[in-house]
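Next come two complexes built around chain A: one with chain B, the other with chain C.
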Partner chain A sequence: MHTEHTIETSAERQNRHKAMEAIAVLNSLKEDFKSPIRSMGYFYDLFEKVYCNHQPLHEGKAKIGTMCIQIPSEIIYALDAVPIRLCNGFYTDDEIGGDLLPQKSCPLVKATVGLFASDNFSDKPDITFSPTTCDQKTKAGAIIESLGHSIIDVGFPRTKESEESRHYWRESVKSFAVKLSKFQGKKLTRSNLESAIKKVGYAQSLYHKLTEFRKNKAVPILGVDMFLVTNAFFFDKIDEWISAVEKLVSELEQRASEGINVAGKASPRIVYTGSPPIFPNYKIPLIIEQSDAIIVADETCSSNRMFNDMVAVDEWNLYDMIDSVSDKYLKACTCPIFTQNDDRIRRIIQLVRSYSGDGVIYQAFAGCQVYEMEQRSVLAAMEREGIPILYIESDYSPSQHGQLTTRVEAFIESLKNRKRMKK
Partner chain B sequence: MTKNKFSLRRAVNNMNLVRFRFWFQIVAFALIVYGGYIGLDLGDKLPTFACVFNGEGTGGKCYVGELQHDLKSTFDTLAGYAGYAFLISLGMFAVWFWVLNKGWCGFVCPLGTMQDWLTMLREKTKIRYSEYSWANRGKIKSIKYILLILLLLLPVMIANSVFGLPKLPNGLSMPFCDICPGRMMIPAFTGDFNQFYIDFSSKTDIVMTTIGMIMTGLFLVGSFIKKRFFCYFCPMAALQYVFSKPALLKLYKDGSKCTKCGDCYRACDMDILEIADDVTSKNLVTEDCTLCLKCVAACPEDGCLEANFAGLTIFESTKEGFLVRMAMDQNKENHAH
Partner chain C sequence: MRYFVGIDIGSTAIKISVADENKNLVGHKISASGSMFYKYAQEALAELLKELGIDEREVVYTVATGYGRKLFKEADENISEITANAIGAQQAAKSYGNIKTIINIGGQDSKAISLDAEGNVVNFAMNDRCAAGTGKFLDVVAMNLEIGVDELSAYHFKSVGTPLSISSTCAVFAESEIIGLLGNNHSVEDIVSGVHYSIAKRIVKLVKRVGVKENVYFDGGPALNDGLVNAIENELGHKIFVPEYPQITTSYGAAVLACDAFLSESAS
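Entry: the complex of A and B
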């Protein structure tokens, strides 16, 4: 018998490691919890297809890479391209990027740069637009460019109250639209932008429908499943995402009427905030929900912040649509890169109130400076409001699991006690 | 979830405000401008521009005209019966005003309606609207008060010598009417174009009627490029605002529900920043507000903004209403484009 001995290439090794990371999380989502949701199958399969089997989704389409949440997907769809958000959650890529960035950088940025460095995409972006949000994302652009990728910075202001910021950002978005329009050789028109705005708006409205169910006493969907659904919007075909979520909504309606609860009766209800959990880095959300708590709402840019605010147009002409699109990405944003961020605090409080949250878990990536810096003000505000909060620092590494679990469990235990005392 | 329940409240909150307001304004315009032909007379204390120069057509008369007339008396008579008459008139004006508050501007005022029509015309021609810079927006706020003080003061100065100054010429007896674009525009709708003239009978008249012509030109051009251009300078709005606090119709905001997304500010024809940025006040009827309620219709947060009549919520912002109005509630997958 003749056996061929081949040496695994670095790309193959990377894919294998990533598949291992991905499947571990997917299996945990599928198997560790009671009352699984049938229509979540679409999303489990999607992530398996893309991250375990490395299958491309958008062959034949122009793929526009985006960073953060400020690059208007409405304009990308209007110009007949597909936005792919490249914020990355893989530890494998984090390690690759670690060689190119300072040691104490944010794992999300390291992983994103790492993926570019490996140039091993299942759907490789043809061009990438990067908003100048936090320092690390801003500086990462040039590093990615030096690796031979085409990346265009889109100037984003770091205050949102001022008139100058509003104008600056509107101009940035216009120039982004012009560049993309040239790249695509297609004109942005009133009708293609209007349908794109309405389609993205409809997708957002579905997210809002999903979140409504989480206000119920018996919560029919896990927080980790919600993170997966919103995460899929980063790269999925929008029409397929829409029909999958429509099915999910109707299944949840059914489950809600039957009173199905994915958590226990006394499970504390958690509002999750901080650095974004991006697949497969669901470390903290999984620990929370495996420790008998349920995430009922979140304030993160991989989920709520990406969907919460829709474009509001006053005059359906191109001039006003572009301005409305710009304003949506600036004014409503609660990203901690802004100088002042009372809005974020008010949003967290509002989420706790409307989703009957028992406590807040605030996770910051070690090296994610802006979230680390906002920790004090958020903690102080929660104390004022009498809302228990746990602050955790973590990264993408698989270590520290035990220690993190202990802290989360202790917090959840104390929330349970608090609930009991109240009764 | 209240999803499948039909309720009047839900229907109202989901309404197409633009269409509702369009038809409401047409009816109000008809009553104010043509009401006289069917015998409608709402009196001469109306807190809106029902123009006295509109002869038989007018369904009532504007209080600002009456106010200037009331004040053209000597101090002696003002201290006596003319003063009482003035106070009674003012009181009646206030009572009318309290019913709709600034809603008179957003829903009834024929000059406001004309401006909205010009805005629609501009929108059809796909010309972008203009905006004031925030600094200038702040500065021009005081102009309406200056106009108000002048229109109060000038008639008094015709009948009296104030601070030893000589009495003003009689040509200034209706100073604001002279320069109000309503004097020309409103009668024009009943086929009377006689107000488009320059009066050469005295120097004062030449100056005032010329300013009037210029104002009308500015009104037409200005409100074509800037939404509600004239309302920024309206002395009626200034006078109304003095009485706004006890009015029945209110615009309330629950700041805890506000995300400061600024959708309301985008919709606001008067570019009122407070509507988006003020998260502590409850009553958001500010001096320039016209209570058009476009902000309520544009707000995507449940119960953040509401129109309230005498303690009763009559129209409030809802997520669902927002989605319906933006046509984002259904997937309109048409490849017609």
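Entry: the complex of A and C
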């Protein structure tokens, strides 16, 4: 007779599924590429700790869940809490959320709702703020609330040109600050906000240093590694993230001086745009870099858009600072939810020019309507500029890997041919 | 004495069960199908009867089942393996409880069968097209890892890290994935548990197509692998029943049916 086994609880099963997803991607990052970077070890270990071993990072701290990049982390840090961005890349959670949302919903939203539905967090947010960005995120808030979690909407405008929008958003941010300050029982002051702005600003400046190296002819860091570094900012302890990135910057300086290139001689340089790759959904970026191309820049809200623009403060008094913080999250944002979004096109073109991109890969999640809709104008603009672009729709499921690889490879080969013809 | 024979000619093995008039299993034999199904089946049956000391004339009714069932022309009747599996499972799990769901993983196919309260088949699903995630697949995995197929279970329970998923349960593609993992010095234990979970996820998807109702019965050669059993239990979220001889459920079902057929024929 067979022996009696202990059987996993549903939370244990979910954790194992997520660990299996996570380890597969981490192993790929560690093992599939040449010239590994020593200081990436911190990030590989961090993701393994959080997603394979499910260890909490912020015990004893107030954890503030955020549903999009628009919730100002400066204010959260100023009030002595930890922001945890809940945009989720796990297929395991996507499948759970799929039971609660329409079938054609965005996988990121489904995965986020799925995580709340399972209530299985390693760092559970004490309260979550949800900016009313895209329709699906906006509506997901009510579903999450119906599951028994506390979530507060933060009104976000859909146009960014008008003064009314700017005013509306500044008021939203103030009201967010008031609610959080009450929740924390702590006052937002000139000095705590100033030091939080400076700290986040310093983290951004480190990101800028990293991206500078990617302009080099010999690129010292992979795009997938960069995604992992920026992704860590979603949930890591900010001071530890800063010191890990400082080490990474100095290692890249060294590598750049030695001319180390993680790509091949003929590898096309790709600018990546579209729905955000969030760990462990690095499917398309991994296919790109496993197909002898290198991602040199991106225009996504999980990476570049999170770090690119700094808070510009005129006067370091409290209300000016809050307004400046607000403006950064509205004016500089290139999210496709906006009615007019020429900024995004301009930014992609600017990235192609300054990072010597050979082509653009635009990925939209199937069900991510705004990115699906905006592909038309972006494709037309790239055509006008003579920039080759590939548009791909995909989701979090592990299927269709072969078909996606073939499409990406064919595009990369065409870029290689173009380069050769030019010479 | 009167005896009843069920003979299940599968892609990988020939399974023969002999039952008495009370439908109790009196003996069984498992041998390789090889290249000549019919010849090997005849030989195996003769050997089994000899071992059990049963005269050929005491065998009053024979039912053949399985993929090669039509090749065994001496049979009084032949039935599909779905029906035979359902009957065999009900009978084998009699002391355990009512079986509502059967998972069967064979040498080259896998299926899920849903039964009603009376034990009738109400729905079933089979894997499509290829041998992905079946017994053959486990053979290939064990061969690549240079361990015996009977050692897989022990390796599974020794795994302490995260199971390393194999994205393909296709025997051909998985081979290169496994070689890749070994090349990067991952532990055989974590690879084995990853393989088991990959198969388990796949089979649980199949079972969900017919609906999961307790009790769940698991048979076929791979059910001998306790690690795989536990992986399926974890994926399903509850316990499954594995019979004492998981390979012969279908042939036993055929023998039970032979007994029923004989009794109803002689009654009329």
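Throughout what follows, the second predicted complex is superposed on the first by the 419 of 423 C-alpha atoms of A that agree within 3 Å, B and C clash if a C-alpha of one lies under 4 Å from a C-alpha of the other, contacts with A are read in each partner's own complex, and residues count from 1 in each chain.
Basically, a residue touches a chain if its C-beta (ideal position, glycine included) is under 8 Å from a C-beta of that chain, and two chains touch if they have at least 3 such contacts.
Please read all numbers here as calculations on a predicted model, not as lab measurements.
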| item | value |
| --- | --- |
| Fit-or-clash call for chain B and chain C when the two complexes are aligned on chain A | fit |
| Which of chain B and chain C A:312 touches, first, second, both or neither | first |
| Which superposed partner A:145 touches (first chain B, second chain C, both, neither) | neither |
| First, second, both or neither for A:126, with chain B first and chain C second | neither |
| Chain B or chain C, by number of chain A residues touched | B |
| Partner chain in contact with A:195 - chain B first, chain C second, else both or neither | first |
| Partner chain in contact with A:7 - chain B first, chain C second, else both or neither | second |
| Touched partner set for A:292, first chain B, second chain C, both or neither | neither |
| Partner chain in contact with A:163 - chain B first, chain C second, else both or neither | first |
| C-alpha centroid angle, chain C to chain B via chain A, nearest 10° | 170 |
| Touched partner set for A:320, first chain B, second chain C, both or neither | first |
| Overlay on chain A, chain C to chain B nearest C-alpha distance, Å | 37 |
| Complex contact set, residues of chain A against chain B | 161, 163, 190-192, 195, 198-199, 201-202, 204-205, 208, 212, 239, 242, 256, 308-315, 317-320, 323-324, 327-328, 331-332, 334, 343, 346-347, 349-350, 353 |
| Contact set on chain C toward chain A in their complex | 161-165, 167, 184, 186, 194, 197, 226, 229-230, 233-235, 237-239, 242, 244 |
| Residues on chain A engaged by chain C in the complex (per definition of touch) | 1-3, 5, 7-8, 10, 12-13, 16, 19-24, 27, 31, 52, 398, 401 |
| Chain A partner contacts - residues on chain B that touch it in the complex | 1, 123, 126, 128-129, 133-134, 256-263, 266-267, 276-277, 279, 294, 298, 300, 319, 322-323, 326-334, 337 |
